[in-house]
Structures are given as structure tokens and as C-alpha cells.
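The structure under discussion appears below in the form of C-alpha cells.
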């Protein structure tokens, strides 16, 4: 029974399809060319070396190519490595497709669409609702497929929508407990806050930063987008400015990328809900991998802390 | 109709009972003694000068004394001041009592007790439940009357219980959204996290720091209390250590008073819920005082920010 | 001979027109109303108290009103104060106008216009030139009248244009010394970098922050403006992105308000030239006021340093 | 003549007993298992590889096992490595014991006991004396055998007692020079300040952090212990609180693990004496290893500085 | 019986000589001139106002003038103030001299000279000894009269020598406990480390910063002095460089004024001994003024902490 | 055609002279000795391994030896490496000299001398001119040959003079634009500011830190030198102090090595011009190596940023 590369243990053999995520050429100290491949399926990734690589190999085994590999799982410097015994590019007749090799959100597209629609229906302020609706229409495909980040949290297909929908649920409950909160504004802030990532990041499969991602970043990109959209929809009024402020301030501090800190109640709350959902996503996924009585690996985006799972937790 | 000192406007006359919160002796530059009084009722506080104070006055008009004052509301250096026209100490026959002059939580004692009891009933881990129950029994009176802090957030009578109950509600909803969370542990952390303030702060009416509050602080005090309680109840097991860790780490960072950062999922979540509830309390109370289109005063504990109330908010 | 309020010494009498910059009501400790006025002309400003102010006075003596005052220059807590002996509002027949009471750049409008035009003529890249030209047309009036800031440097009428023109001169010379620099890009960055202040600041006379100035700030405002302008001019190409990057990064660091640091040569140079011109403006104006052998006042925006003028400098 | 592994030079052969401190399994890139061993005796430690390790080897060569090794000292990436030629586990008849392979304090147990006793005899405050005596009794064994830390300073057997006794000597002299110092309090603070390490660290031989060490840390552990001990001894009075404060504040700052900074004279002095003794221990041991005219290695716990030994120092 | 101004209590009358430390002119809001005087004797200082000051008064009552005052001790904004009833300048026949009004070290000049001589006699390295001897000769007068600082610690006449002698005693004892320490070097570092203050500070009575004090600071001044002295004495060898390093690094960190941190054992120890003696001086003097059970005022140079004197301390 | 090692590509053969910059001995895991060589010519550097090195090889192939090598360019861990096929030390008859293998400033010695002379001729203050002239005479050789730093900017032969001359040109232009600047002072500051590096750094070819460089640093060294020079030239007056201040403060902040920040106009400007010239040197050299549309490597001394070369730049 196939379990995927993320669950393979040292000493096991492996015989299945994998996607090449990265391929880098190298030369051994005695002058022979080889390829370092990062291979992945939906469960995880592993490094492999292709020794004595020919020029043909270099042209064949490139990023986004699916391959059929047999090999053994070894360990090198504390990390698993796949020792390749045989390898060939996948063919059309193999019936495998790129999307099978990508980690996905634990909920499906229909669920995400439904939850987004639900949130928009709850809105009462027509201006805010119109702007949000227009963005969902404009970015529908990317919104439902992109990851929320290239690493750290929700870094999987549909991660962005998963993050948004999860934040919306937190927002709904907090709005009940703190009834002064303007729910329309908060919902809109949640849906729009990271949409700039659709232009900041290169795509779903091999997620890197685009040029405008590097030179501007998703926050200024999205502030500009809201201004353009308001002009297109011929909307005026403070709602536009406040929505731009929510997006601009959602990282909370200048050092963290928000040149203006939150100065509106819902902006502060948006920042806190973003923190909670990102942290719970990282924590839950890391703790799922350890048994009670153990610590997780150090989590870089949580100040490099390793977290403990108490013995009295269920396994 | 009496509205309380917190709502008096410059130019108005005032004739009612007030509590002396602080009384300080001074001497004018031409050598005459006077008293500076901070006076308060349940709606707010105001400064007043008692000129030409006699030695009798100094003995009579001291902190925690209730007085009957008539006077006018003036302004001095941008702050309101009460110009005293006549003043006398309250007598038994006046029928006023100290607790009438203290700001109170917007919910009553019964409600708070009920909500705490409810949370304990929901707990399934018997060890955690026993410890929490024992603390609620030990500190029942203080827990229901103390403020959560001497200033900044929930700084009113029953503020501590109000903060706890509000956090418990947030915790209940987040536990549903993130089902991996150990609700018993999170509830217990919330109920216990600030109980050390019952020893750190001097009391309900004139809240100052005690000697052990200054030399140890509420966090180490409470870590020790949990250890003592476990010994008294003859409880062993990791629950005790984990509860101590939750209390110890709930300020999140060494610079903020937690020598160990959160290293357990519920410790991280406790820290975040504490942040949310404290911030929403400060924000809602500050925004309640301004009309749409205005900024609040600068809020010291929110990085000195002034918050804006959008025009499209209801007044 | 009239020298202006900025040059009046303690003990002198004063008899001239002044502009009310700020007027605040107060009440003395014995209950009498008064007004605190900040008065100014083109040479500086001074505080004055108007005792026993009537309701009429309060309505009459408000911000932006010009008044005729006679009084004496006293000193109070180390600062000069004008003791008002008589005061009346200016009348039409007095022939004074608001713009006479405002500090101005040491160069005139024609000079500034000419220098800006010169810079645009030097540009060779048609795309960059078109965008800059369009902004100069759009904001011509504000660009030539606004201060560069509400305080610290170039905080006077036409200060923004003065700052830009001065930076352009530095840029021209540095471009000769470092010929790899793209002069078009650098010039464009200089002209556009602070244009967002026309929306961030309220105006020339009493310069405060607008709502969008507070909630967004001039940097995100201008990044959005460049995007909108490019769309209006139907311009595409990397120039637009790079210009947005220059504006976005010109404060140099996230902590200083640039969420992205300079990542293009001309962006780094723009930041440095901005620093030089702002600092030289502050330093030269502060050192002009002291004689050799003395220190200036502490300059807040120069890390609170007081600067020394060596004895061997000419007075 | 045997000199120990810490003094072996590259190119020499080695034939003696060593203790396995750590053993980690690995697999070569061609799939063969090996063991990486960290071996030590009382003079130092060295890495070794055991190639082609069988399953038996993996069970045999584990942490805390003493082995007999012959091999050669090689160098790999700038660090010495032991090339194993033959190896076997030690047998009972070899007459070697674990404690022979551990670095020890340069003074013996009797000396340390005597000096501690001496300090207690000097105390005049009966309450302080009783508490200290009770702790020395409770933790006698650990106190005399534990290291003061897992690395950096006094990281050897009996290092904790060595650190305490050395600090007591400094304290005695400083108390003479600054006679206002309360010597009883300072002595007690010195003896108790790091006792929490007996629960924070796992033991003498392979020193790691325990679970309560990680989740609480030695400072909160010891604050709690003092509270418990006072209750057991039925002691009340400010001495208990002040001792807890000394322990709590001895790292000097929140960022360094003391949520409350020193607020009592002897607390401040305890912090400074702790600094001096830890730094002199690190400096002296590092400088002993270099000749005049050389720099030491970088010392991580001294801000990564390398220290210079002047030419005019005796070798 | 005369006790000095530092011990006067509110309500007492005062009739004695005082030194004017500072005199500043002011004008009341109704235009009348007055003088604000800071008056002192050897026990402390107090503020006084001289109302209706004539031009003659302004010329007479200036800094460093001794006056005879009768008055009453009042309180103004929480600080004592002397209400002047009569005042006249001291005359020659009064037999008072400036040095009577200055706070002095608690030990006399002979003691300080003796202790310095003793330290030099203990030195064995002839080069180090010669340099130190030459500096003591060059700066004898200033060394024995200057304060160690203009405020914070040892800020009294002969404070510098008192600080040095106290540090020498600590150094002697620590050298015994840590015999690896080069005592000659440490002694020399202690004697020289702050000698640059003789050029940085203006003098004993009214201590301000000189121009070279502000533009260079005592550390670079003294590094240069050692270089010049070595050249004058025709001394070469590493001792000169190491002494310069000790002076340069004695503030411990770049942020604290040492561009190079300590990189020699005795440099590190010099920094620590400097810290201890400065802190003990501040702490002991502050704690002497409070009774057991009280906190001191906040000590600015001790991170603004207020220190507690335990109840079990002798008064 | 020979292009130099800096331009060699992977796969090419190499046959030319190179200079050994560093030689380090190593031992392979199977016990065989080898040498790691860093080889360079005027265009760049490369690493090479000399396997099976004999004792003779170790004596022959040392730093500053020129060798004749044939080999192939390989790649190892992302960096180029030279695989040595044959190697021999250069002989006298080869006609190669060390200076051929060192990177040089892009302008020659005559040009640099002329520009320095020109600057001195422009000076009008005779005191400043005399000091600068004396230093140029004293350090003529080093000034014209040393690098400005051991890495980061102007780190090549004559880099110091190149940096100075480039800064002088910027200073000349800025002095015209800000005519209040004292050009003599600014020029002198520029010429002297880094002269201490002639004692801080070991030399032109293999640039390391000297002992006094490590223990004092170039800034305190140069402050002392100016004092000594003034004494030699029997110059007094504020110019000496101000020049020392310019050197002392030119790093701008205590954290960056200037214990006193700039407090004179020309000191501030010196700091800014130093920044500009260093940054433009780093940026221009890094951007010269990439084509439009690419990013440079991360530049460590520019906060680790990678810079982008826009597509519209000429290649």
C-alpha cells in the first residue's frame, strides 16, 4: 500500500511517481556532473542525487517534471535522502497529473466557496459588500488555489482560502462576544488582507516571489488595488480609506511591514485574528506529528520554539 | 438629576457625595498649607484643592473618606478641576457607603459566579478540575471583587472576574474552531493566570502594589501557589507542571515578564486570548467616549495610539 | 524699524500685526476664563495669554485670524511670552493678508518652477518623463506652495519644492561623479518621493495631518497615485514598478516607514540625498542662529543633538 | 605515559578507555550504517566514526558505556577526530568507573563542604541560617556533585559547589569593603541562587535539560522551593520574601530571565558577584590554553569575544 | 544646633550661610523680575525664589557667591523650597569659604594619597609603574580634588580619588581569589581609567562639561594622554598599548562609550569592578536616607529602580 | 587569450600564474594530509585542494608564494573550485611579481596624488592645511597603496586613496550647493578620517587586523595621532580639537564605533559622504556583474540586501 514519500522511513524501498520541485547541477570533486533533485508528492518532500548525469538528463529532469522512481530511503547528515536505483520521466499513459503532487488544504473548494459566499451574504454595508464581491470575482481562481504563504503557515494549495475561511469563523464568534465590532468591516478586512499575495507569489506549485513581490510586497500592492477598484466601481466614501487602512496595518507594526499601525478597532482585531489563525495552523500541524511526551521540531516562525505535547493528551 | 462627576462639564455646579482617593499636603509659595484631593465616584474622578487647610482638615480629609461637596467645575491646564465651595465628611446618617463610589464591572456577581461554575462543570480532567475548584474556593471573595489591574484594562471592581469570564467565552468558541485544543487546560489557565494579582495588588478601592507584588510579581507568586496547592491536595502528575507553565508563560516573552515563553499549545493560546480581551476592553471603552469621525485619546497600553471611529459607525 | 516677532528680545515693546496660529480656552484656578494664543509672523512665533476673555473674545480670536497687538516681551519658564496690553482684529483697511505671516522658502516660485522644468528637460527616458510631467501638472499649485513637513525640515511655505530642487542639484552632481547612476530615474524619484504629502498634510498655513495622512501616510498614498497615473496614461513597463519602489523605499528601513528597503541603486541614492538635504537644512538654519563658540538648541530630528559652531568660523 | 584525549595531537596513536557521551546512527550515501560517537575522558572529548556498524554494535555502543579503543588522531574540517582501529566495551575486570571520565572541579568535596559550613557558621540571622541549612541538608548530594551549567562556565562535576564557594569568598571580601552589606543575606542568596539547577539539569554525566527545566527554568523552581521550605519549617517574616526576591532577580534583567530586577542591595550585589565568578572561570580556563601573544578561541558566553594574552604575561 | 540644609524639614526656619550654585532670571506673568536660586551647603541643596529682584540683585546674587539667608522651609510640587525672608552676600569678616559648601568624600586627602602610594609600591612591572607614577605626578592636584562624575556616583569633592581607592581595594582582594590576574595591570587600569575626567569636567564646585569633554569625552582624551606620556618617557612595549586598551574598553560596550569591548582579562575585570564600586556608592548613599521598610527614590543611573530596605535591617 | 581566474567558467581549463593568499593543512578521514589553497590574481580568487601533500609541499606552498598551475574549473557546493593537475612555484625567470596579483583601484597613483594635492591647495585655513600636509608626508606610501578596508568597499590596492579622492569630489560639489559648509574642515576630515587604517590593517596583499587594530581600532589610533602631530608642529587652537572630533565621530553612532556622535556640521557631512561613497562603490561593483533583469548576490555590508538592475538599464 502506498503511503507517500512524507511517511517513508529509513531503510525502506520506494517505487512510485514523484514531482521534481527543484533541480540543480553540480560537479563532484573529481569532475563528474550530477543533479541534486528535490522531489515531492502530496505528503512531503525528499532530496535525491542523480549521479553521472548526462546532458540529456539535465534537459529531462527539470522542475515541474513528474518522474517514476525506484530507490531506497537512506539518511545523510540527519535528513532522509532517496538513493535512486532507476528513474524515468512520466508519460501521458501513466495518468498522473501535477496537481496530485501538491499538498492541499484539508477542506475542498466547494466548502471554501460556500463559506466565502456566506460571509458576503451576512454583510449589511452595501459599499463594503460591493468592493469585496468585485475582488472575489476578479481573483476567483487564484483565491481558491493559492497558498497563504511560501512557507510557515497554510503553505499548501488553497491555503489562502483556508486561512481566510478559518479567520472568518473566528471573526463571527468574536463579533458576538464583542458586539461593538463592525462585522462587515472585519469580514472585508479578512477577505482582502492577503489578496496581494496573488501578485506577490509566483503560483501554486513552485511558490517564489515575483519581481513586484520583492520590490513592493503584498501590502502596498493591495492598498493600490483597493484604490483602483473603488475608482472602477465609482465608489467614494470613508469605507475605501478604512479598508485600505485595514490591509496596510494588518502586520501590526512598522518592523513587521505595516508602515502605519492599526488605528481602527477592526484593524487591531484583524491583526490579532491573523496571528491566532496562523499560529494555530503551525502549532496543530507540528503537534500532529509528535506523540505525547515529545517536543516538536523548532518552529522558525514561532520564534524558533519547540513545543511540548503533554502526556495527558490523547495520542 | 445626578449624573456623577465623570460626566460633569466645565461651568456646571456640583453638589453630591464623593470619595477621597488620594490626599496630599502642599504649601503655597507664600507659605500657606493646602490639600490636593483626588475625588471619585463610580463614574470617574476629578482633582480639587482645599485651600488654607487646618491641621484638623489634614486629619479629616484622608484617603477612603467619603465627603459631601458643593463646588464648580473649572479647568486647569487642560484638565477639569473642582473648585470647592463647601465640604464636610459624610456621616452615618447620610447612608452612603464606600462601594458606591467605585467603578464596577458591567455584569453582576451572580452572573460571574455562574459563568465560572459553568466552565468548571465542562472540565473532564479530574486533576485539573480539582486544582481549579480549590483555588476558586480559596480566593472566592477576592476573585469576585478585585480589578484585573491597577490601570489600563478591567481596572474596576470585579474586573478580574469580568476579564476571566470574557476570556472563557472566547476560549469556548476557539476550542470549537480548533478542536485539537485541550479545553480543560485552556479554561484552567484562564481562571488561574492572574490570580496572583490578589496578592500583588492591595485591594479594590485604592489599588496599589504590595511589597510582595513589587519584589516578586503576580506571575512567580501564582506559580508558587499552584505548587503549594498541589502538595496540599496530594496531587502529582504532569498537569501541575503544565498549569505552572501556563501561568509562567502567559505574558509571552521574557521582556514582558515571562522568563519562559509559551511551549505548550494552550499556553500560546492563553497568551493570545489574554491580549485580545485586554485590548478589546481598552478599545471599546475608549471608543464609547467619542463620536464617529473622532479619534480617542492616546491609549498608553496600546503603544500610545489614538484610535479612529469611522463616520459610518453608528453613534 | 520693525523686525518681526522672531527677533524680539525680553524687555522690548511690540506693536504690530500677528497671525493667530492656535487659540485654546482655559480657566484660572479662581475660575476666570482666559485664552492662550500662539501668535506668529514670517519670522517666528510667541505665546500670549488673553486674561478675562469674554465669550465675544472667544469667538473673535480664533486660529487664522490676524490681529493688531501692542504688548511687552516677558519671559516665562525660559521661553519668551508676549504680555498683551491691547489687541484688536485686523480689518480690511489694514491691508494685511494671511500669506504675509507665514515663513517662506528663501527662493521664489519662478526659480523653483524653472529648476523643475530644467530637470524634466534633462530626462531621456520618455516613459519616466511622461509620468513626472503628468504629476507636476496635476499637483502644480500644491507642489509650489506646500511645506515639506509640518516640522523639523523645510517646514515653511514652498518648502516641498525647495527641498526637491535642492535634492535635484545634489543628484545632478552625484550623477556626474558616479556615472553608472540612471539620472532620469533618480530625478523622477526626487520629484515624486514626497508628493503624497499634498494629501497627507492639511495645507500651507496651519499644517496638520489629514485623516488619510494618519491612516495611510504619504508613502502608500503616493505608491497608489503612481499606479493610477500609469493606468490613466496607459503606460506599462518596468518603469512604473521601479518608480513605485523608489517612493516606497525612500525612508530606507521598515522602522522608518518603508516596508521594503531600497533594492535598486537609485532608490538607495534617493534615500541618502533625502537625508543629506533634510539634515543640511536643519543644521544650517540652527547654526545661523548662534555665534562661533556656541552650541545650538537640541535638534529633535537630529537625535536630539546640540551642534557646535567652531570659533574659527566666520560669524 | 597516558595524558588523556584532551591533550592528544594529530598524528598520535591512542590506546585507552573512553566514555561514550553520545552515539548517533547514520547511513552513508551508498546505504551503509555507521555510528557517530562522542567520546570523552576527564581531560576532554573527541568525535569518532564506527563504520559498518552492525545491529549488535548499535545496541552495545550507547551513551554512558565505557569502551577500550585503539586508534589514530586525525583532523577533519579543522577538528580532531579519532580513527578507530579496534574497540570493545569495558568489562568489570578492567576496573574503570564512569566517574573517572568526567571533568571535575579543581578542589575536592571536603574542601567544598568545609567552606559551605564555614559560611553558615558566620551567619547571625537565625531565620536565614535555618532556611539555608535545611536546603543544604535536602540537596547535599546534588549540591556537591552537579555542574553549575550544561556549558559555558563551571560545567564540570562539582561545578555548582565550586561556583558557590568561589562566590562566597568574593562576598566575604566585598562585605568588608562595603560594611553596609547584609552578609547573611548575601551568603544565603549565593548558596540558594542556582540550587534550582538540581531539578533543571538531568545529572552530572550527561547534562541535559529536564522537562520542568524547560517549562519552568531553575529560577521559578527555586522561588517555589523556598516558599515550600518556609512553610515546612513554619517560618514567617520578610526574610522568606527577600530570599525569594534574591533568587528571582539574580539574572539582573527581564531579558535575561529575571522577571523582576534586583530591588534590594544584596540582590544587586549577588547578580554582580555571579557575573564576576562566571566570567573569571571562563576567562581563566580559556587563557590557560594559550601562550602569551595569542588570542583565545571566541567565547560564546562572553559576547563571542576572543581574548588576548599580553606578551608580558608569564607563560 | 546647625544641621545643614540637607536635613531641614518643612516648617522649620533656617538661618545660615549657603552657596549659590545656579542663579536664573525670570519674569512673573505680570511682568515682574525674580531670581531662581539653587543654594547648597555640604549636606545638600534647595531651591529658593528671590522676588522683585533689582538689577543690583541680579549682579550680586550669582553662581559661586556665598550668602547669608534667613527663611522658612516650604514645600512646592513635592519638593522643598526655601522661602527667603532676608538675604545678604557673605563678607570677608564672616570667615566662610567656598570649600565649606561642597560635599566631600568621607575620607581625607592623606588617606587617599597613602592608599594610592601603597598601590604603586605593590607594582612589580617597572614600565607600568613608571607610567602610573608619571600621571599621578602630572595630575596630583586634580586627582585628589575632582569628583568622579557630575552626577550619579561619587559626585563630590575628591570623589574621583575615593572611587579609585575603593576600586583598588576590591582589586586587591579579587587578585588574591583569582591569582591568574595581573595585579599591576589591573591597578594601573583603575588609577588611569577616569583621569580623562580632569579634562572632561570643568572643576570641583560647579561641575559642567568642557568643550573637549563634549566633543571627545574622557575616554579618547585619556587614550591620547597615555600615548603622549609613553612618548615623553620614551617607553615602548606592549604595556602602553594594553593600558590604552584598558582605558578604551572600560565602559564595556560600544553603546556605553567603549568602541572596543574588553579583550584582555584585566580589562574585563576593570569594567566589572568599576560597575560594582559605582553601584555600591549609589546604593549605600540612597539606602542611608531611608528607614527599614521603605523604598528609596528612583535611582536614574540604576535603570530608574527604587530599592527596598528590608525590615530586618538595622536602622 | 588569458582572462584571469575571476572570469573562468566551470568546465574550462586553466594554465597560468596565481598567488597563494591562504594555505591551510588538513587531513582526510582516512588520514591523508592535504592543503587547501586560496589562489588569486588581479581579477578574483578561487579555492583549490592539493591532495597527498608532502612535508615539502607544506613548506613550499605558503601564503604570498606565486605558483604556476594547470587545472580545471569544477564546482563544489555552489562555488567554483580549481582542480589542480600540475603545480610548481614561480621562479625568478618567470618574471612575475606579487603586485600583479592584487586587485587595484581603477585610477592610477599619479591621478590620486594630483587630486590630493589639488585639495590641499584649495584650503585657506593655514593650521588645518599644515596638519593635513604633515600627515600626507608622514604616510605618503601607505596612503597611496593601502586598501580602504579588508572587505566590503574599496578593498583593493590604493583603495584608501581612491575612497578619499572620490569623497573629496563629492565634498567639493556639496560645498558649492551648501555654501555655509567649511570646506577646509570637510576636506581635512575626509583626508584624515581613515588614515588610522594604515596601523589597523597589516598591509596591501594579505590584509588582516594588527594587534593595535584589534585592541584600539583605527578611530582612537587616529585621534591620538592628530594630538601627537599637533604637539610636534607646535600647533594649538580649536582646529586640532575639531579635527579629532571629526575623526572620532565619523562612524555616526556609538554602536557603529564612534563614542561621540557628530556635533559639528562638517562632522555630520563627513559621515554622510563616507556612507555615500562606500555604498556607491559596493553597489556599482556588484551591479556591474549582473545583466538587466537580474539581482546581485546579497551584499553583507548593505544589510544583506540583493539589488535589482532594471530591464531598462543598458547592459
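Letters A, B, C, D, E and F name the chains as they come in the text, with residue numbers starting at 1 for each one.
Note that contacts are C-beta pairs under 8 Å (C-beta built on N, C-alpha and C of every residue); 3 or more make two chains touch, one makes a residue touch a chain.
Quick caveat: nothing in here was measured; it's all calculated off a predicted structure.
Think of each touching pair as a link: the shortest run of links from chain B to chain C has 1 of them. Shared contacts of chain E and chain F, meaning chains that touch the two of them, come down to C, D. Over half of the residue numbers at the chain B-chain D interface are used by both copies of the sequence. Legend: contact pairs of B-C compared by residue number with D-E, E-F or D-F; the interface matching in over half of them is D-F. The chain with its CA mean position farthest from that of chain D is C. Our note on geometry: chain B versus chain E, Cα centroid distance of 44 Å, whole angstroms. Chain A and chain B have centres, each the mean of its CA atoms, that are 41 Å apart.
Residue numbers of chain E whose C-beta contacts span two or more other chains: 211, 214-215, 238, 242, 263-264, 295, 308. This structure has the following touching chain pairs: A-B, A-C, A-D, A-F, B-C, B-D, B-E, C-E, C-F, D-E, D-F, E-F. Across the complex, chain F is touched by residues 211-212, 214-217, 219-220, 223-224, 227-228, 231, 238, 241-242, 244-245, 248, 254-260, 263-264 of chain E. Residue ranges on chain E touching chain C, taken from their complex, read 24-27, 29-31, 211, 214-215. Within the complex, the chain C residues that touch chain F are 125, 166, 169-170, 173-174, 176-178, 180, 182, 185, 237-239, 242, 261-265, 268-269, 272, 275-276, 279-280, 283-284, 287-288, 295, 302-303, 305-313.
Residues 10, 49, 72, 74-78, 81, 83, 295, 308 of chain D are the ones that touch chain F when the two sit in their complex.
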